[in-house]
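Two complexes follow with chain A in common, the first pairing it with chain B and the second with chain C.
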Partner chain A sequence: MVLGNYKSVVAARSADNEILKGAQDGGIVTQLFAYALEEGIIDGAIVAGPSEEPWKPEPVIATTKAELLAARGTKYTLSPNISLLKEATRSYGLDKIGIVGTPCQMQAVRKAQLYPVGMRDVPDKIALAVGIFCMENFPYQSLEAIVEDHCNVKLESVKKLDIGKGKFWAYTERGAVTQIPLKVTHKYEQPGCHVCLDYVSNLADISTGSVGAPDGWSTVFVRTKNGEDTWGKAIAAGCFETKPIEEVKPGLDLVKKLATDKITKNQKTLEARATFGVGKGLRNPYI
Partner chain B sequence: MVEKITVGHVHMSGCTGCLVSFADNYEGLFKILDNYADLVYALTLVDVRHIPEMDVALVEGSVCLQDKCSVEEIKEAREKAKIVVALGGCAAYGNITRFCRGGQWNQPQMESYVPIADLIDVDLYIPGCAPTPQQIRNVCIMAYLLLKGTDEQKELAGAYLKPLMDLAQRGDEACGCDLMYDVINQGLCMGCGSCAAACPVRAVTIEYGKPNIDRDMCIKCGACYAQCPRSFFNFDVMNEFEGISELIKGVME
Partner chain C sequence: MSKVVEISPTTRHEGHSKLVLKVNDEGIVERGDWLSITPVRGVEKLAVGKSMHQVPKIASRVCGICPIAHTLAATEAMEASVGCYVPEDAMLLRYILQCANRLHSHALHNILSLPDMYLPGTDTKINPFTPEEPVRSVALRIQRLREIAQTVGEIVGGEAIHPSNPRVGGMYKNITPRAQQKIYDLAKEGRILAHEQSEFMIAVFKNFQNRDWAEVAGRQVPIPDDLGYHNQGYMAAAPIYGSSSLDDNPTWFPERWTEVRPWDWYMGEEEITLEDKDYPVGGTTPAGEKAWPQMQACTGVPLYDGQPVEVGPRARMVQFKNYDLKGAMGLQIARQMEYEACAYGMIEAVDALNTSGKVVADEIPQGDGTLGWAANEAPRGCDVHLAKVKDGKVGWFSMLVPTTWNFPTCSRALTGAPWELAEVIVRAYDPCVSCATHMLVVDENKKIVAQKLLE
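Then we have the complex of A and B:
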């Protein structure tokens, strides 16, 4: 189960240069939602949009391609996207909701569907759930500490943030590139991430991330009938360039390795929690 | 469907919002009543004066200790029903009735309102104010499968209902503070915002990536905690979300 159930997996990137410019990798999420909006597969999508503070995402309901474009790129800090899930059906009146999120947020979406305790009229309105690969996340103040204290770069001047090749990268508007090893960033991670047993958004309709694919491309897992339907239509419409995952470097083995690493490490954390105190443990949310 | 289960709606001190929510399944309600469940007791809907024997009692509202009739009725419901479900925040956690202090015309002495588990054993909780039509529907379908389904269906229904049964074992107090005690304080919150979306009174906002509770607003309905993916998360059920969603859809068609 390290990679979850899936029907197909490919390397892909958006065929739209406007989307690729400013995308984190292959522009998969933006392109998928833009296509789904255009075709009426969704009425709107909950995405991590910009806020007044630099690199602090705010969940927004995008109903236009322009709003999707404004939300491109990975923020590496928490965006409580699920907080808008019910609101999307109320103030925005959406009947077909698109939502993007981390693996834990995809878990929240599925729980909202199967156990809709406080999610009146939400379960049947999730039209497209797109998950992203995620090793861990940072609180906003952590991101500030990493970028401003460790990378010595003002957040306002950052053009892109990235995690790859074992390092945390900050690219500034003026062309400076700073990188620090991930071992420096580990202590700033959000504690709640350390019990997560999902790397590649196993519960999404479609999940995507850079790992496994070449630079500028993304790996895409198509997981559900619903995902397959939308993906098939998007491919037929020429939205994406694709390559068989077997033919690209570094390929699925790397995805599998990172997923296994994350799950093994976090499983150990869960076990350690059981005997955290003296004769007393911490909660395991899964039992 | 040959055999139906028998279901009753037992009305304690509540606003009838839970019953309205049940009815808000619209044609789904008729589907349930046509094919799966006989409604054998319900205020205004069924002409039966005394609580009969039944498979499932859906109890709405808290119990007023000063109202002899209510106290008798909740005990009788426990004796006559195989499964007692606390339907909604008042029955499960006291909800808004926790704040009652009596003094209301024309029974000023009625001041003590307790969740039903203070007086009887409860098998299953459906938190929320009001509980959502879809959550009630899902429990109805699973209760039917549990009692009348094939072995495979019984297993699935058992797995689905277990967390809601565990909630009934967990206790009969709940409020936004549970998010702090059981999720943030335990190092489990990942800031998804489910709690804020679930709260019916907008008492939960997300600050610094974590829920912030306006405790003056909180009505103690238990929705935020139950909706949180880190309160319970049942991998067996959740990994099968596609099949279960289709099953529910199929049953309701």
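Then we have the complex of A and C:
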């Protein structure tokens, strides 16, 4: 259950070279939204687009492929995508919203659908929720400290950031690669991430991430009826290359291991909150 | 020998009010008082000292049927006080919002009015809840009209109930070309439904006016030809939108406005001497109880040129279109005649809108305490807000809300009607009693009049 409910899981990558060029992994999110936009499954998608500052994302509503391409790549800092959820149905006039986000953001979407507090007209307008795997996130100042101080690289010169194989990696435009052990990044993590019990976006229609699949490929969980419909059509349209997850390395076992680690560790943090003080504790949002 | 009958509470309108009616032996009203008994919330007093950006958002919460009126009037009163001119595309968005709100409000009021009315040519009263035709189709049409209007309001206003988009200086956001197209499509659908609905309602109200009697409490109550006539004047600032003190030629005049207390205007203490247990549903106030309109009325009595005036759809029609139908049904018919203008208003404004135009003024002055006012033609009539803003803070705020104007006027219009039809007259005004009851009335010694109740 650490991987949530799903109908199928595969390794996949986009069949579109233009998308793959700037994608973090297999270009799944960008390709899915590009296909869904073209087919009218969605009429806009809330994505983490670029902002004035390097590697600081800004939520945007993409209604063209160009805007989707501009949002490729992981930014390891907070992007409040849900802040546009209601506005998408208002001044943007959307009827079918696509949204990408981390596990917590998928939870927010589902909660808004079931308990729409101040979220009039949102519940029935979510057309495709794509979740990404997420171990933890960093405030922007943390990212600056990690990249500029620990990696000793200017953020402006960075081409790609990645967390993998126990390390934080920074690749520059001019070809330099820096890596630091994840251990030194721990103190920079956003504290709110330490009570999160979801690794692979259990509540999304489709969730995707790098762990489990080879470089350039993604692991994809197809979870809901809606996700299955869209994924099936996209496959039929030739949008993706896929491989059975059993045939790729390191495969689902690693995903399961990391998910278990995250949940076990954070569950402990949650339990510790109950007895944080002397004779009193801190709030637990799950009870 | 006059008797006194009291209907409390009244139903099928917004808010909490009652009717205290002095009637003759035939049950005809000789003097009627219709008064708010909604608790005073005191928005105008608590606004003092708050920022000019916050007060319109609080004022919006006066009423959830016409929050657009209070948001826009309050925002524009702030803008008038500080001298801020908003960009044209922001005004167009506000205009679309105004039309959308009026469309939804009039359609909602149809639901409230229809149960008094008859299917034309029959003795069958209309029950909007019935699954039977032809009423079912009418109810569905009303639902769709309101859905269209609220959706358009949501797109341009940010929210259908308590719009989030308006701000001092314009609007927070322009809309996208897709949203523009969506409004256009919805308005085109709404235009046809509005036309059908308007024709249906006018036929229903004309039919009521031509009837000899209406059934109330199992009795046939005669309908007088002059049901709801009064000799008060009319007041309206514009056919659709409004006016403000920033206009070159403002259409509302603060110097013509005065206000008196309910104490000076309503009846004194009366004992209830007539009781009807059959009055639907639950009967009237039991005989022997006391009513004291002077003390119980929770609104002030605003006067224009020293008289109570009528505001609302008919006032707009009289002022700008030479409309001349009097009485309760004349007022109802005027309201239905506004239907199509709402849809066309949306279409024209959304056509003129530049979706890449700017919607916030470059400079928003902070104010020096100058008096500014803005009148918004709410669904129920002229809603005037007055404000003095200094250094971004509200120093003084006053709201003259449509139903506040209509309370004394409608009370006069009750004279000559069988008491059983008094509520039909009240409903013709589409009262919004929450709207009317937001104020504390202060007498010349700065004592709050409502305190008299506590003494």
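Things worth noting here:
Here is the rule we go by: the second predicted complex is superposed on the first by the 287 of 287 C-alpha atoms of A that agree within 3 Å, B and C clash if a C-alpha of one lies under 4 Å from a C-alpha of the other, contacts with A are read in each partner's own complex, and residues count from 1 in each chain.
One rule holds for everything that comes next: a residue touches a chain if its C-beta (ideal position, glycine included) is under 8 Å from a C-beta of that chain, and two chains touch if they have at least 3 such contacts.
Not measured: the values here are computed from a predicted model.
Judged by the touch definition given at the top, the superposed model places A:C104 against chain B, while chain C stays out of reach.
Between chain B and chain C, it is B that contacts the larger number of residues in chain A. Once the two complexes are overlaid on the shared chain, A:T208 sits clear of chain B and of chain C alike.
In the superposition on chain A, contact is made by A:R120 with both chain B and chain C.
Of the two partner chains placed by the overlay, only chain B lies in contact with A:P80; chain C stays clear of it. By the document's definition of touching, neither partner reaches A:S218: not chain B, not chain C.
In the superposition on chain A, the residues of chain A touched by chain B in one structure and by chain C in the other are 87, 120-121. Within the complex formed with chain B, the chain A residues making contact are 1, 5, 59, 77-78, 80-87, 101-102, 104-105, 107-108, 110-124, 137, 139-141, 190-196, 202-203, 224-226, 282-283, 285-286. Contact residues of chain C toward chain A in the complex are 151, 154-156, 158-161, 165, 173-176, 178-183.
By the touch rule above, chain A contacts chain C in their complex via residues 43-44, 63, 87, 89-95, 120-121. Within the complex, the chain B residues that touch chain A are 21, 126-128, 130-135, 138, 160, 163-164, 182, 186-194, 196-200, 206, 208-209, 222-224, 226-227, 229-233, 235, 237-239, 241-242, 244-245.
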